[in-house]
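Chain nomenclature is as follows: A, B, C, D, E and F, assigned in order of appearance, with residue numbering initiated at 1 for each chain independently.
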Amino acid sequence: MEGFVALYIFMLAAFTGYEVISKVPVILHTPLMSGSNFVHGIVLVGAMVALGHADTTTEMVIGFFAVLLAAGNAVGGYVVTERMLEMFKSSKGDKS
Amino acid sequence: MSWFIQAAYFTAAVLFIFGLKQMSSPVTARRGIIWAGAGMVLATLVTFVHPQVHANYLLMILAIGIGGGLAWWSGKRVAMTDMPQMIALYNGMGGGAAAAIAAVELVKGEEMEFVVLALAVLGALIGTVAFSGSAIAFGKLQGLIRKAFRYSGQQKVNLVLFSVTVLLGLIMVISGQANPVILTIFFILALVIGVLMTLPIGGADMPVVISLYNALTGLAVGFEGFVLQNPAMMIAGIVVGSAGTLLTQLMAKAMNRPISNVLFSNFGESGGEGQGEVQGALKPIEASDAGVMMAFADKVIIVPGYGMAVAQAQHKIWELTQLLQDRGVTVKFAIHPVAGRMPGHMNVLLAEAGVPYDIIYDLDEINSEFPTADVALVIGANDVVNPDARNNPDSPIYGMPILNVDQAKNVIVIKRGKGAGFSGIENPLFYADNTRMLYGDGQEMASALISAIKEL
Amino acid sequence: MPLKVAVPKESAAGERRVAMEPGVAKKLVAMGLEVAIEQGAGESAGFQDSDFGEVSIVTADSLHDADITLRVQVPTAEEIDALKEGSTLIGTLTPFKNPDLIARLAERGVTSFAMELIPRISRAQAMDVLSSQAAVAGYKAAIMGADLAPRFFPMLTTAAGTIRPSKVVVIGAGVAGLQAIATAKRLGAMVEGYDVRSATKEQVESLGARFIDLSIKAEGEGGYARELSAEEKQQQQQELAGYIAKADVLITTAAVPGRPSPKIIPVSTVEQMKSGAILIDLAAEGGGNCELTQPGETIVHGGVTIHAPLNVPSQVPLHASEMYAKNLLNFLSPMIEEAHFKPDWDDEIVAGALLTKDGQIIHEQVKQAIAGA
Amino acid sequence: MPLKVAVPKESAAGERRVAMEPGVAKKLVAMGLEVAIEQGAGESAGFQDSDFGEVSIVTADSLHDADITLRVQVPTAEEIDALKEGSTLIGTLTPFKNPDLIARLAERGVTSFAMELIPRISRAQAMDVLSSQAAVAGYKAAIMGADLAPRFFPMLTTAAGTIRPSKVVVIGAGVAGLQAIATAKRLGAMVEGYDVRSATKEQVESLGARFIDLSIKAEGEGGYARELSAEEKQQQQQELAGYIAKADVLITTAAVPGRPSPKIIPVSTVEQMKSGAILIDLAAEGGGNCELTQPGETIVHGGVTIHAPLNVPSQVPLHASEMYAKNLLNFLSPMIEEAHFKPDWDDEIVAGALLTKDGQIIHEQVKQAIAGA
Amino acid sequence: MSWFIQAAYFTAAVLFIFGLKQMSSPVTARRGIIWAGAGMVLATLVTFVHPQVHANYLLMILAIGIGGGLAWWSGKRVAMTDMPQMIALYNGMGGGAAAAIAAVELVKGEEMEFVVLALAVLGALIGTVAFSGSAIAFGKLQGLIRKAFRYSGQQKVNLVLFSVTVLLGLIMVISGQANPVILTIFFILALVIGVLMTLPIGGADMPVVISLYNALTGLAVGFEGFVLQNPAMMIAGIVVGSAGTLLTQLMAKAMNRPISNVLFSNFGESGGEGQGEVQGALKPIEASDAGVMMAFADKVIIVPGYGMAVAQAQHKIWELTQLLQDRGVTVKFAIHPVAGRMPGHMNVLLAEAGVPYDIIYDLDEINSEFPTADVALVIGANDVVNPDARNNPDSPIYGMPILNVDQAKNVIVIKRGKGAGFSGIENPLFYADNTRMLYGDGQEMASALISAIKEL
Amino acid sequence: MEGFVALYIFMLAAFTGYEVISKVPVILHTPLMSGSNFVHGIVLVGAMVALGHADTTTEMVIGFFAVLLAAGNAVGGYVVTERMLEMFKSSKGDKS
């Protein structure tokens, strides 16, 4: 991927991220932080790739930790976010 | 990469964006995390057949099992109040993973383009700082690290360390390869920076700092996504990086402190306040937050006092009531016999605003209902909700019947500041665990609540 | 010589109003008329002679040469005799109550107009004394109710217990009834309104009060109420009794044009009312809406006070006079052309109000009524 | 034998209140007391004997053996003589006005409490008859103002012109004054309030009315007003006159505890007022706030009506009685322990209200006043 | 491409996005167009030194001069009311340009990747349709084409034409090259489709259709951007394509018609209404629009009538008033002597809501002020603002004094529907050129106005 | 640029476009339509490139028209939008 294309993607993604959040009530700050924390759990994919093509033991060890940590990020992030959002379950939420 | 894997990553990226978007409204938030979760599962499964993945499957599954299992277990059993530190922990793990990926790639020593190498190194630095920093944040919030660690010249030492680390990174980027020794020092220094940056910070500022590390992890992940040419990582990482940055700003703003203040000079200085909270401090709340709280309640009791009269907030309060009623919330008004400054003061005002008589209750009728109320909204009342009248025989108002607002599940108190009531005494209600202070003029705050609820 | 407009002091007993107010006097003068007001004519309404500015304040005798005489109520026989022949008299002359006085006016050759007979068309709203005086009466009825009641109107939560708001029921939601509803509502009472015309439901509710929805509907011609049949009356009374029994203050204003007031509240209903309750019967002028009503009197029956005042607008004399005088002005000014009295006799408003002219009784119904009497 | 509580019919002229109401009677019975009410005692307040439920309705003679007698006003000498020795009397006994009656109570060995002397501390708010009756008086003052005025209170845009809202000025923004402000405001008047205590500014404004800000401030002890010096009085009168001249209705409630009412409205100010204006002097009980005030009378001076009613709460007898009875209940119940009368004589509320006991006059100031008299 | 050109295009893309963002709020809109303009200038200038540009500079400048000059001239002098057709015209030119670019590239016959070729052809089709369609839209709005052109089976013919065109496109894409004959037929057919699609559409639906073509042009430009590997075009085009699609939906919604309805079955059926507008029809308005109108006014006169009482809208109206006052708008209430159903009906309600007496005026006081009012807001009044009382001697209310609302610069009338007033007669005010109808319950509409103004 | 990268850019740009517009008052519909009409005037850049590397006369003629039309789009779009937005000039606009 050439550099400028990366820059475009960067710019657009950053803009998207900003717009998506721009109007969020304070009560959602923590759940949203948790939710975005979960989203960067996608690093798991990278960690799997890193481990998946690791050749030396060093690489394998680092790769193993990468996957371990990344899996923790993804799973933990999900569980915690889900629990926090429980409180918006009330059927009334669907009204407006 | 095959068409199939690409499409799956693309779908995951789209799911993440929409998931985040939905998470930013209370109405759709739960759906949002599920969408994002689906994206994650998809991306993970597909990665098993990724062309670059050709070995260590067992290790991989083991690592996922252990990491995921532990996270699942801890995430499920943690108390609600301990959530912030868990977020810090999981976030740190993400940062560590990003750094580890960079390490693998750098250790591999394959030829990389200049830009890619630079991104790899940058991601490594950021990820490592987020990793160690988050770990410290976790430790402090969890109570594992108690002492606030501070010494003079702290800032300068950090700056020097940081410069050295960046220099090492530059050397690697410019030389086009990662010398193992330099790389090791680089990582160690990065870890130290994260630790030193976070140690002096007090409890009250922690959420902001965690949010910052969260944004940083996002960035690191995004950068490593570029390195691995993995668009799902790229986009998810950058989106989180950007959203996280905004969120950090918003959180700092909600605490009424400029972000730079939180980040540098005053880092940690409000640690004391963090402690104070535990013993019962005045805990402010944002109108938007209070609005959501009431909007999702089943029963709200509104307790007006002299301050509502001063602010002439009766019309707004009635509008607020109607809004809540439209959402199916039961709203009742509790009128204390001596609220205001003349007999029937509140009645006159509520009648003026058009509040129907049948939702207005006096002390005897309503006092038993407070324990079943989700929210008691106290607007400009003070003496008439002072638990001292019930509990403290030394109080000048001891013996006066009061509205038992303190028994409600949540109490929101609207007042302008620390002004006392007619009797001039302190009110322990304001310091109660379940009380939040909404500071501001009664009318303005009522308007703010209205806007907050309308936005849902 | 300019047209001379005279405003005498009202001679009827208890009448505190006057057919002029400073603003209107000024406008008449500006139209080129000469205005003469009897000494002290406005005093009982709260106007001092000096308030009238450039207008000449004169004794009663100096009014006899006036071309136009403005009055609130019908003059006495002597006063009629003192009017200049060919002059004009405008007022609420109540011809059906005083056929002889009207006959005398005709004899004297006076051109006379009865304000209350002006047709109630849109254009004539500004001259409608029935509306303007009914508005005053409605307001006053609510105030009287509050004054006579042994209770507060509004709800009041105090250290000495919570006072429940009074319940006010208003029967007949015409101009006066609506005004009474609005005023009682303002004071914080819980107000219910009732009328036979179904259009009033929305009107009562538009004031934030509750409408009592009975099964009786009685729309008559032109949106006015018609008289009810005997069974309808019976049913109405029964259904209403339940509501009335809960009332702390009951205000009745029901009227049917050209008929005695309907008797809506029988003795039995009064006896179901709470002790300490108050009934203000604004329909007293037409005999009252309650069987026990004695027009002009206040009686107590089983703890219920029945107050049946006559000429209520006169109890708010200043503003009632002001509105009445403006009605007169609006009626008079189209008939004045360059300081001369030139009515358009074909205009439906002029024709509708005209009683006598050129020695004749012109108004058809009045003529019949007098012939019948 | 249970404690017997008696409620006689009030004997004072014009007094329509009664020291009991059905709800309170029920509560006293529930506390194990025997309650006896004189026949027809509640009638003038709007209570029928039957309203009181399980309570015994008796003749006046059967009340003499009561242990506790509850009254609104102080009893006559004969009534005092009929009280059982060692029994208790509670009411607004106005000891400073009737020192001889208090002395007689002491002689008769009656334990007596004056409700109006209860210290005005937070805990005692529920027993504060001054507040509860002042609230009634303030409300009624505004209603009387609206009833007496020759004008509408609210603004009214009608086909017969626009009625400008009345201007109501209230002087003295204590409990009564604030209630008058609120009520006049409700009726749509433009209301201005004035008081010497600066805390009242915010209070007046909290009712949506305007505060008249003069240069005079006179906070006394405990947040009550103090008497003004001669110059201050002078200045106050001058500055106020301008505002009062524009008023259609003026309600005065100014009082200084333990002193005659301040004379705030001199004759000159009254003479500047509009003709048709109304002055309601609620301070009449203490001599009135206007120099022309004749307590209990209504006079007209230069077109201004000065109405100075006495015992205004008695004009809203039902609710005034209800509040008064609740005040009594709140005062009495802490003194009743398992159906026995066991006051805590050291309690500041009990001590503050106690006039006579064991044949002695206990209350210091009262003792001095009687000695001085 | 040089680093420099890339950076310039990148900057332009960013400026476009931020420009559009700012244009979506009235407060920043003007700044938005300036930002976007700056981006445009930058991108254009830089293109002169684009590596692929190596000839025909003179022609280029000439074309820019002629095209730009004519557009400038026409854009400056067109009347405000003729704006829609000018937008259509300029938009069509953009579509044409995109199609022409595709034509040049296709004619060139250079080897292209499958995807690129497909995008080129797709862009050509869309651009051409937008070109001819917009031209027709212009012609109709400008009054050059008057007849509504309709025949049975129209839909079917269009479908056949469309299928053939797509087929031709497919042939070119699959064969990997553009046969000149096929290409020519392809373009001609695309032109015809645009014409046939647009001809039957009536005036009222035109804005929606123009917006649709605008979105299509955006897409075409985006696609050609991919073909030319020009990221500024790519991003600007797609952003406009997406934004334009949303905008089209919003506009259709504002007209209370589902977009499909506008697009297919009912295309053009409301042409009659479009004509009617000219002779004086009921012209509805959205609350958000009406809100902005009042928010940016200097003076607003509110005329309440019986409908305000029925809706019990007085509290909302007062809130609206306060909002406007906070923005510096002068607000006055005009009370007609017989508004409502009893003397003083409006006074009672306004007093209840707390409207101070000093902004309430009666007929005599206010009637001379209407010509200086930017907006007269009539809420639930009818007879009392009926100009027939002044102008039409045959009217039953002739001779009654009325509030001269019709003399205000703009009139907004809130009522639920076509309900008549007390007198039961028609009101020509509602058909006046300067009147817009805000249909709905008085209270709800007042709330909607409040929200609209708060959102600014 | 490979196809999927293009798709990402497409997705992000589309999302951005959508978010940017999502909350716009009706009164701005027309100006915004006009403004976005101006923005796709960027086609001018493409037209210039097309003309700039046109070789045959056909290409040059088409290219010429492309530039002509594109310039019309850009300039006309700007002028018209600018004029429409004039009405929001009022200094009051800056308040909130």
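Simple rule for what comes next: a residue touches a chain if its C-beta (ideal position, glycine included) is under 8 Å from a C-beta of that chain, and two chains touch if they have at least 3 such contacts.
None of the values given here were measured: they were computed from a predicted structure.
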Mutual neighbours - chains that touch chain B and chain E alike: A, C, D, F
Set of chains whose contacts include both chain F and chain E: A, B
Chain B and chain C, separation of their C-alpha mean positions in angstrom: 68
Distance between chain centroids, defined by C-alpha means - chain C, chain E (Å): 56
Averaged-CA centre spacing for the pair chain F and chain D, given as whole angstrom: 78
Computed distance of Cα centres, chain B from chain A, in Å: 16
Chain F residues counted as touching two or more neighbouring chains: 1, 5, 8-9, 12-13, 15-16, 20
Junction residues of chain C - those touching two or more other chains: 125-126, 131-132, 135, 154, 156, 158-161, 163, 186, 188, 208
Touching two or more other chains - residues of chain E: 17, 231, 235, 312, 337-338, 343-344, 348, 351-352, 354
Which pairs of chains touch, using the document's own definition: A-B, A-E, A-F, B-C, B-D, B-E, B-F, C-D, C-E, D-E, E-F
Residues on chain B engaged by chain A in the complex (per definition of touch): 9, 12, 16-17, 19-21, 23-27, 29-30, 32-33, 36-37, 40, 43-44, 47-48, 50, 52-57, 59-60, 62-72, 74-76, 78, 80, 83-84, 86-87, 89-91, 93-94, 96-98, 100-101, 103-105, 107-108, 115, 207, 210-211, 214, 217-218, 221-222, 224-226, 228-247, 250-251, 254, 285-286, 288-289, 291-293, 296, 327-329, 452, 455-456
Complex contacts: residues of chain B adjacent to chain D: 306, 309-310, 312, 337-338, 340-345, 348-349, 351-352, 383, 389, 396-401, 423
For the chain A and chain B complex, residues of the former touching the latter: 1, 3, 6, 9-10, 13-18, 20-56, 58-60, 62-90, 92-96
In the complex with chain A, residue positions of chain E that touch it: 6, 10, 13-14, 17, 231, 235
For the chain D and chain E complex, residues of the former touching the latter: 154-163, 165, 188, 190, 208
